[in-house]
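Following this message is one structure expressed as C-alpha cells.
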Amino acid sequence: MAVVEFTDTEFMICSAARLLEDRKTVFVGWGMPQVVAILAERLYTPHLVQLFEFGAVGPQSLTPFIRGTMGGPSNIYRSLQWINMNWAFSYAATGYIDYGMLGAAQVDQYGNLNSTFLGGTYEQPGRRFPGSGGGNEAASFVWKTIVVLKHEARRFVEKVDFLTSPGYLDGPGARERAGLPKDTGPWRVVTSKALFGFDEKTKKMRLLGVLKGLDPKEVIQGMGFTPLMAEKLLELEPPEDAELRLLREHIDPSGIIIRGEKMRAER
Amino acid sequence: MQGQVEVHFTHPDDFRRWVKENKSRDAVDKVMTEQEAVSRFVQDGAYLAYDFSSLTRGPQALIREIIRQRKRNLWICAEFTLHDSPLLVGGGCCTRIDVGFLGYGSYIGRAVCDGKVQVFDNTNGVLASRILAGARGVPFLPVRNFLGTDGLPHSGAKVINDPFTNDPICLVPALNPDVFMIHVHQADVYGNARIFGTNLFALEAAMASKRVIISAEEIIEPMEFRKDPGRTTIPFFLVDAVVHLPFGAYPGAMPGRYEIDLEHVDRLNAIQTEAQMQDHLERYIYGVKDHLEFLEKHVGWPKLKELMQKASIKEGYQ
Amino acid sequence: MAVVEFTDTEFMICSAARLLEDRKTVFVGWGMPQVVAILAERLYTPHLVQLFEFGAVGPQSLTPFIRGTMGGPSNIYRSLQWINMNWAFSYAATGYIDYGMLGAAQVDQYGNLNSTFLGGTYEQPGRRFPGSGGGNEAASFVWKTIVVLKHEARRFVEKVDFLTSPGYLDGPGARERAGLPKDTGPWRVVTSKALFGFDEKTKKMRLLGVLKGLDPKEVIQGMGFTPLMAEKLLELEPPEDAELRLLREHIDPSGIIIRGEKMRAER
Amino acid sequence: MQGQVEVHFTHPDDFRRWVKENKSRDAVDKVMTEQEAVSRFVQDGAYLAYDFSSLTRGPQALIREIIRQRKRNLWICAEFTLHDSPLLVGGGCCTRIDVGFLGYGSYIGRAVCDGKVQVFDNTNGVLASRILAGARGVPFLPVRNFLGTDGLPHSGAKVINDPFTNDPICLVPALNPDVFMIHVHQADVYGNARIFGTNLFALEAAMASKRVIISAEEIIEPMEFRKDPGRTTIPFFLVDAVVHLPFGAYPGAMPGRYEIDLEHVDRLNAIQTEAQMQDHLERYIYGVKDHLEFLEKHVGWPKLKELMQKASIKEGYQ
C-alpha cells in the first residue's frame, strides 16, 4: 500500500472526471468543469462531445488549459462546429445534452444552486458572485446535472441565499410544476471530500461515498442539513498517478487551477 | 409570477420606427476614429451590449474610449463581462447591469455590495433570448428555463400558462440595446463585417440595436464580402460606425491573430481598492489620448509581436 | 411622335421598376418581382439592396434571369450575405426593409391579397394557387408594399375569396387593431394598364394613372369595386427603348416572363 | 382567435424524451443506401420536412426513393415545394400538406380542388418560425404577422394579448417533423454536414426533427470539419443516416457543382393529367431500382457533364 499526496482540488477534479460517460454529450461550465472535461477526454471518455455556451461544439482542447478564455483558440481547438449562444442552448433545450457540469457557491438539500450572492439582501449582498452565466440553462435543460464544489460545510445550507439555478426546488414534482423540462435535475454533487446523489422519491441529497480513509460523520459534520445516507457508502479512490501526471504536467502545469489544501490517502 | 423591476424594453413598433428613420440603407463610408464613434453614438444613459469577453475578441479599445470620454449612467448587458464591468463601474460610467455573468474579481463584487451599481439577475441564456426577440421584432420569447429561480422576480420576465400545453412557461421581454459594439476580424468601409470563431449574439444584437459600432482588425475591399457571402456576419445596413482598431481586443486575444497578454490581464485582476482602480484608469486610459497611444506607450511593438507569434492556431480563422 | 409596341407584361414590369427608390431595401417576391428588381438595378437603382426570403441579401444577379430557381447561383450572385429564412424575415420584422414587391391573384379595395384559391370553399376550391409563400411576411412587415398583377377586372374584387396577405383589412386602423406592425401596408398596385395608390384617410384604393392613350373609365370598367380617383390622373409612359432592350436582350431573352398581350402606345 | 384544425404538434417534453432515447451521441458510421435510409426512417404517416426546392439543392433522389417505396399518408411541410409535392401526391404518398408555397403547375392545384390532399395554409415565415420553436425546445413562438388573415383559422396558431404591450400577437405552435431530409455538399460518415449558399432552415429542422436523413454529393474526412468548424452546418449527433448520392439534387441544381436540367424540369412542368403523372412515375421512378440506375438510364453521363460545365459560378461554394 502506498500513500498518495494531492490537493483537495485535484481529488475533486479526478472524482468528477470519473463520472462522465463516453459517447455522450456534456455541457461544460466555466473554469474547473473545463479542466474536468479535458482530463476525462484524455483518460476516460475520448468520444465525449463537449458543448460550451459560447458556441463551441465538440472541441478537442489543447493543453495546457488557458484559464478564463472560454472562446480562445486552444480551448475550442478542432471543434465539430462553431456557432453562437442561442444555438448552443438550443442543443440543450431540445434534449441532446446528457450531462451538465457546474460550480456553485451554495447548494441545498434539493440541489438548488446559488452562484449569485451570500448574506445580506439582493440589493445589498454580503458577498457578490458572477451570477448564473449559463448555469441556469444547464441546470434546467440537461438530463443529469453534476455539481462540483469545494467541500466546506457552510456551502451546504438549509436554504440557498439566492436560487440561481434550479435543483429539485422544494421537492418531488416541483420542477415539473414550475414548468421546467421533465426528468431533469441534479444527479451528483462532487466535493473535495465526498460524492452525493439524490434520492429518487424524496429528491433529497444522499451521501454516496467519501474519500478513502475519511470518516463519513466528520465529512458531513456542520452541513446545514443532514443528507440521507446510501445503504452502502462507497470508498472513493484517491487520484491515480496517471490523472495527477496529466493534471500537473499537461493540463495545468502552472498549478493555478489545481492548487488547494494538501490531502493524502492510501491506495 | 412576474418580474417586479425596471426593465429596458422598447415596443417593437417604436424600434421599427427608429430603424426606419435613423438607419441608413445607403452604403456610405462610415470609417471614423474611436473618439468620433463613441462621442456620436454612445449617449449618457444608453443601454450598451457587446459581443464576447475581455479575454476573447471583446471590443476593449472601444470600452476604454467610453471610459476616456467619461460617459455616465450606462446600463450594460453583462453577457460574459469579465474585466469590462469593473472598469466601466470604476470609471463612473455604468450604474446598472443586466447579469449575465458578472466577472472578474473583488472590485465589481464590492461595487454591487456597496450599491454603486444596480444589478438585474437574468442568465446568459435569458439575455441571449431577449436579444433574439429584439432581432425578430417581437415583444418577447418563451423559454423553459429561468422558472423556479430567485432571478426571475429581479428581471422583467413573466410566467404564463402556455396555451398549447397548459404548462407554465417563462416569457422574457425583448431587449433592444441603444448601442451594440463588436470587434471583428474584417470589415469594409460600409460596415459589412466578418468574424471567425464562435460568437455570443453578433447578428442578433446588431439587428436588435439602435446603433452599431464596429471596430475591426482589418479593413478589406467590399467585393471580398460578395465573393464569399456565406461568411458575412453582419451586413452594412445594420452598422453606424466602422473604426479601424488593430489590436482592438487587447489585452484579450483575437483568435487567429494574437493571443491574450496575461501580464496585463493580471494587472486588471489585481485591482481591488478604489485607489488601485483610479491609478489603473489614470495610467492606461485617461493618461493616453487614444488606442494608438495606449499601444505605443503601454504595450509596445515587441510585446505585440510576441502576442502575434503566440497565435499560432490558424485553422478556421481565415 | 413614335409608336412603341410591347406586351402588357413588359409595361407592368417597367412601370413597377420605376417605383423603386435607390439606396433603399426591397423584399423581392418570386417570379415577376425578381425581373422588376433586376431591371431597376440595371437602370435606375444600382444601390438598391434586394432581400430574398430564402436568405440572399443584396445579390447582384446575373442575367439572363433563370426562372424559378430562387436560390440558384446566378440569381444570388455576389450577395452581401447568404443566410436563411428566419434571418431574412427578421430583417423585415425589425423594420429594415423599405419596400416589398409581390404578385397576387386577387386584390380588394383595401389592398388585401389573395394568392391561395379562387371560387368554391377552402376545402374544395375552384382553382388553387401556391398560397402565401413569404408574401404574408412581406405584406405584414415592410414599410411599403407594391403589388404587381395583370390588369383583369375580375382580379379586383369586393372581397377576396381568401385573405392570404393583409392590406388594410377592413379599413383605417384595422391593421394595428389586428396586431400588425404600425404604419405599414400596401402602397402601390401596378397593373398592366394602370397604377393605383391608397387614400391616406379611408385606406381605399385610388387610381393614380393609366397608360398613356388609355381611357381611365374603360380601364376600371368591370372592377368589383369603384376605386377612388386621383384629382389629376397621371399619364403613364410606355416602356422606354432602354428598358425593352434590357428586358428582351439581357434579362429574359427566351421571353418566358415578358410574353403577354400585345399593346402599343405613342410617345 | 384560434386555428381550428388539426396540427402536427409534439409536447416539448415528449420530443426531448424521444431525443434522449433514440438519438445516439456516438459517432458511428451511418452511411447506408437510399433504400435503407428511407425504409428505416420514413414510416407511413410520418410528418416530413426538407430543405430548399426541387430546383435548388433539394433532396430529389431521396424524394424519388420515398415514392419508389410507396410510402403512404405522409404529411409534408411545403416550404418552397415545387415539383416535389405533385410527385408525392401523384405517387399516393402524401395526403396532408402544410403550405408554405405549393408549386408547381396544375396537377397539384387540381389535387387540392379534388380533395385528394388536404392543405393547411400557414406561410413560409410561419413554418420557419414553427420549426425554430421546435429547435428551441419551446411549445410556440410569437410572430407579428399572419394576423388578420384567413390562413390563421386554417392553422394551429392562436392569437393572445401580448402581456408586455397588450397588443394582439400570434403564437405559432412548435413543429417537430418526424423526418427531415437535406441534400448537402459535403458530409462525413458520422453525419457532420456542410452546405454552401443559402438555406431555409437546415440547422433548425435538423435539431427539431426526430429523424434526419442526409444525402451528400461528397463524403469527406471527419477531420475536414474540425479544421474549419465555422463552416459546419449540422453536427453528427443530429443525424441518423448518411447517403452518398452524387447528383442527388437532380433535376435541380447543386450550387457550385451542377446546374438545373431544364429539359427534365419541363417534363415535370408538363404533367397535367393523372395518366401523364402515372406514366412519368412509372418511367422515371418505379421503373428504375435506384438513383444510380435513374442517372444511367434517364440522364446519362454526357448530360451530367454538361450540367457540371454550366455550373461555372464557384465563388462562395468551396
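All chains are identified by letter, namely A, B, C and D, in their written order; residue positions are counted from 1 within each chain.
Simple rule for what comes next: contacts are C-beta pairs under 8 Å (C-beta built on N, C-alpha and C of every residue); 3 or more make two chains touch, one makes a residue touch a chain.
These numbers come from a predicted model, not from an experiment.
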item	value
Partner chains that chain A and chain D have in common	B
Pair sharing more residue contacts (C-beta pairs) when A-B is set against B-C	A-B
Distance between chain centroids, defined by C-alpha means - chain C, chain D (Å)	29
Centre-to-centre distance between chain D and chain B (centres being mean Cα positions), rounded to whole Å	37
Length of the line joining the C-alpha centres of chain B and chain C, rounded to whole Å	40
Residues of chain A touching at least two other chains	56, 76, 78, 82, 86, 93, 141, 181
Chain D: positions in contact with at least two other chains	12, 136-138, 143-144, 162, 167, 169, 197, 226-227, 229-230, 315-316
Touch relationships between chains, expressed as pairs	A-B, A-D, B-C, B-D, C-D
Touching residues (chain side chain B, partner chain D) in the complex	9, 11-12, 136-144, 158, 160, 162-165, 167, 169, 171, 173-174, 196-197, 226-231, 315-316
Of chain A, residues touching chain B in the complex	30, 52-56, 62, 66, 68-74, 76-78, 82-86, 89, 93, 116-117, 120, 122-137, 140-141, 162-166, 169, 174-175, 177-181
Contacting residues of chain A [partner chain D, same complex]	23-25, 47, 49, 56-58, 60, 76, 78-82, 86-87, 90-91, 93-96, 98, 141, 143, 181-183
Residues on chain B engaged by chain A in the complex (per definition of touch)	52-53, 55-57, 79-80, 82, 99-104, 108-110, 112-113, 115, 118-119, 121-126, 128-129, 132, 143-151, 154, 159, 162, 167-170, 197-202, 204, 253, 255-256, 259-260, 265, 311, 313, 315-317
Residues of chain D that touch chain A when the two form their complex	12-13, 15-20, 23-27, 134-138, 192, 203, 207-208, 223, 225-227, 229-230, 232, 235-238
